[in-house]
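Both of the next two complexes hold chain A, though its partner changes from chain B to chain C.
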Partner chain A sequence: MTLLTVENLKTYFHTDFGLVKAVDGVSYEINEGEIVGIVGESGCGKSVTQLSTLQLITSPPGMIEDGKVIFDGRNLLDYPANGPEMRSIRGGKIAMIFQEPMTSLNPTLSVFQQISEMLSLHLQMDKETQRKRAIELLTQVGIPDAKRRIDDYPHQFSGGMRQRVMIAMALSCNPKLLIADEPTTAVDVTTQAQLLLLMQNLVRQYHTSLIIVTHNLGVVARYAQRIYVMYAGRIVESGSCDDIFNQPKHPYTIGLLKCVPRLDEEEDRRLVPIEGLPPNLINMPPTCAFLPRCPYKIDRCREEPWPALKPVGNQQVACYVDTKLTVQ
Partner chain B sequence: MLKRRKRELKFVEGRPQESEWKRFIRVFFGRRIVLFGLIVVALYIIVAIFAPWIAPYDYKTISSTILSQPSAEHWLGTDTVGRDVLSRLIFGVRPTLIVGSVTILIAAVAGTILGLLAGYFGGWIQTIIMRFIDALMGFPMILLALLIASLLGGGLKNIVIALGIALIAGFARVMCAQTLTIKENDYIIAGRSLGLTNFRLMWKHIIPNAFPPMIILATMNIGMVILMEAGLSFLGVGIQQPDAAWGSMVSAGYNRLTSNPALSVAPGIAIMLIVFSLNMVGDGLRDALDPRLRGTL
Partner chain C sequence: MVTYIIRRLIQAVFILLILTFIVFGAVRLLPGDPLLMFLNATDIEALSPEALDQARHELGLDRNLVVQYGIWLGDILQGDWGKSLHFKNANVLQMIGQRMPVTIHLGVLAFFFSSVIGITLGVIAAVRRGRWADTVATLLANTAITIPIFWLGIIMMLVFSVELEWLPVAGYTPINEDFWLSTRKLIMPVICLMIGSLGAVARLTRTSMLEVIRQDYIRTAWSKGLRERAIVIKHALKNSLIPVITVMGLQVRFIFGGAVLVEKVFAIPGMGRLMVEAVDGSDYPVIQGAVLVIGIIVVLTNLIVDISYGWFDPRVRYE
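This part shows the complex of A and B:
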């Protein structure tokens, strides 16, 4: 069963320097109980896409220009951004975890106060039940001595612990979908692994769907079932995790995989960085945004607009070139 | 030979737990200067309440002993119409404390709400509110208070209103700036992503985080407002004779500074002492209330 379908989402920022098409016609979907990864470099529009689905874009300058976000059979973009429907979905049905655990919790409220805020808002629990539930949640996300630590303030927790608290808060109202926006970027590698494993377990336990937004391919390789690769506000390739890692088809995906080490390869392979820089999103040319950095480019790429996604094997790829046939 | 003292290490289970209230008491009362300020403020309040019983004479009664030097009968002497200076000083605590507290309350509440709304919603709401505040700030504060006080007439109530309005601008500006910074914090967007209402975000997430600078501003302004009241009374639009106010007492005595120094100096010291004490209490309050300082003190 499809849980969330995003169709042709367009979020533009009207800045003093020109129009920034941060999200330009993105479509994706996630099924119930599925873990999906959205991968791309900084500034490619991954986070903005997720914020747009919950209508959390600051407006102005941001505007959701077009598209549909269908959740539970309803188009979320039909609701006013701060209306009661949207608020009951945020946190209640779709919850989000952010990148910076150090700043994602309010320093002036105790952890319990922050969790109880959600419980009373979405589930109308009384104080006693809230306390019980909050302790249970904190125990579940692996905070030792939860009963005592529940009245502590965020600054008394480490970064990894705070991210666990964030996960507990996000899961407190049993949302159907959890969006984790670079959940492990700000914590060290061992904590990363623990947090991801924890999220995977919880998501399985509660039958919640999970979208992991990340620039770290290693993160999605292990946990995601399907992957969307984004570049300059568009999805350039999508497919199952195995397919993308074993037979990447879009030049950008190929480039991304070449610059990360893999355990299942010969040891002396050199890591190859992608040449050039990600494009400036202001006033983009109509041609493929990856064109200036692309080692596979052909004449057609310069003459025709950015291609749409089309099926290649089991994947969807937005490229004119059949990268498999091209000899590098 | 060196004797090595045997030390027994005791491990306490878990962390020592201290309740919020206990911690507040410990930090707030822990510093001597804060304690001093607190005692002074408490003394002033007691004096204000029990003024009729403490004062040796009635503060309005005119007598024939004018401009007497401090003596056993009149500890601080008498003024130009023969009123006991000590008694006037004691009754003068009342308007001073009322002006100090009520004015700040008015200005802080109004300023916080205006600044919060302006900073949080931005756009045209911010433009309207902040342009109004800018206009308010365009006037020198004492001039604005003078203008309002002369429009409304003298007296305690009108002084409070005049100074309250004159002080709104500062609070609104600081609160607006605070809100703009706090609003950008991840926990606000996290709160929004978890379905909190605008009201709740403002009330529970922005105001508490904006609290420390507002507390400092308020306590600093209490001192200032007492000085401004003294200034207005000094200029003659404040609290009217025969009511006792420290500002008008300083003004009445200042041309006799050499012959009868107590006339001006005594109310001057009274003003100085309360302003200093309030600032100390404000500092202590900030240290005790700011959760970010938790654990460091």
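This part shows the complex of A and C:
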């Protein structure tokens, strides 16, 4: 069953330099118990998309201009940004984990204070139960000696441990959806794998849906069932994880996969970076944003506007080129 | 922590030694002869140079500066703060003991209200940044910083005492004698004394708060579903007060400095007035005693400020 549907979401930033269409008509959905990956380069709007669903965009300059976020049959964008309905969803029904474990926890409050405020807010637990539950959560996310460490402050934990605390905090009220915004970008590779495995186990155990936002295709490959690829504020390709990895259709996805090493392929393949830089989102041309970097471009790409997503095989692809004929 | 406090207290002793020695020398460089005050001016004419020298010798004022300082220090350590030259034979410690509570009464009120009002204004300005509440709060803070104390005191006196007759013009009544009268008399002096600190605290709180509310952990707090008030008070305020308490500690010495002016304007018999009178009369023992007491208070507040960092910011370690 579908848990969250985002339709035609548009979040713009009105800056001194011009209008930045950070999210420009993004639609996606996630089912109950599903793990979905949202992949794209830095600055492609993937984080802003997630913050928009919870109306956490700083306004001004950010503005959600259009779209719907349907959760539990209600459009969350109908509610005022910091009103009671939105606040009961945040943390209670949809929880977020952020990229920077070093700065995302409050340095002046103990771990217990930071977890317990959610428990009393959303679950109305009394102090004693809060403490029990917090220790249980910390133990679950693999913090050794949780009983003793619960009153420690964030600076007394390592980066990986802090991210575990964040995970414990996010899962504390048993949310239906967990949004992990680059959860492992700031930690080392071995910790990355542990954290991802931990999240996978926990969401399975609690039947929580999980959106993993990342720039690292390798991160989602193992865990996500479906993948959305974002570029310059739009989704350019979506499909099941297997399809995207085995038959990428959009030139950007193909490019991304060429720069990720794989174990199951011939040894002498070189990693090929995508030429050029991501576009400046201010004053974008109406044509496809990937056009200047695209190795497969045809005349039609220069003449017609950015194509909408359309089904190609099992995937949805926003491209005029039939990459299957041109490449591979 | 205990080691830290002990080390700081040992440092404090050296600071006080240097401070009192400088003041000891400085008062002796001032124009004016304490003997003119000690003996009556009419007597001076009559006295022979020999008699003058005799008096000077009896007070020990003819000796080497370092020797004089050594004697004074020795006496202080034995609890003898000396006698006033101006008010003949009044005990310095007793004089300070009478005046100090008055200034502390005034100073504590000024410190409390400047901190509370300043922090509140700063928080409101930061949270409502760019809106009218910010404009008003910032305007108030900037006015508060730039307004001269003595001018404000006289204008307030004119308006509230002379014209409107709402408040007593000047003077001081101890709080235990008549609470209501005491408070009414202190309203204007406290406003004068706190106004500068209030502005400084408000501006710094605003800046610091603006810095804190765009930190990642504030976004985390929003994502937990907390109310704005809870986020501001629980998550942002404690972090943004870390630089503010430094300034609040500094305010203590400005309050003593301001007391000199305010007590003069409002005829309040506190330490400020005592020091002005002592300097006027070249009353060396009184100046030295007053400076020592104020020095001790300032050094201790600095220590308290440094220790309170640890409460505001658990990352602070005292080694």
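By definition in this document, the second predicted complex is superposed on the first by the 326 of 328 C-alpha atoms of A that agree within 3 Å, B and C clash if a C-alpha of one lies under 4 Å from a C-alpha of the other, contacts with A are read in each partner's own complex, and residues count from 1 in each chain.
As a working rule, contacts are C-beta pairs under 8 Å (C-beta built on N, C-alpha and C of every residue); 3 or more make two chains touch, one makes a residue touch a chain.
Keep in mind the model is a prediction, meaning the values are calculated, not measured.
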Message: So in the superposed three-chain picture, is A:145 touching just chain B, just chain C, both, or none of them (first/second/both/neither)?
response: first
Touching partner for A:87 - first (chain B), second (chain C), both, neither: both
Statement: On chain A, the footprints of chain B and chain C overlap at residues 54, 56, 82, 87-92, 95-96, 98, 100, 103-109, 117-118, 121-122, 153, 155, 166, 169
- line: Per the touch rule, the chain A residues reaching chain C in their complex are 54, 56, 58, 82, 86-92, 95-96, 98, 100, 103-110, 117-118, 121-122, 153, 155, 166, 169
- prompt: Which of the residues in chain B come into contact with chain A in the complex?
  reply: 14-15, 17, 123, 185-187, 189-198, 200, 204-205, 208-209, 211, 291-292, 294-295
Field: chain A - residues contacting chain B, complex
entry: 54, 56, 60, 82, 87-92, 95-96, 98-100, 103-109, 117-118, 121-122, 145, 148, 153, 155-156, 166, 169-170
Query: What residues of chain C sit close enough to touch chain A in their complex?
result: 214-217, 219-228, 230, 234-235, 238-239, 312-315
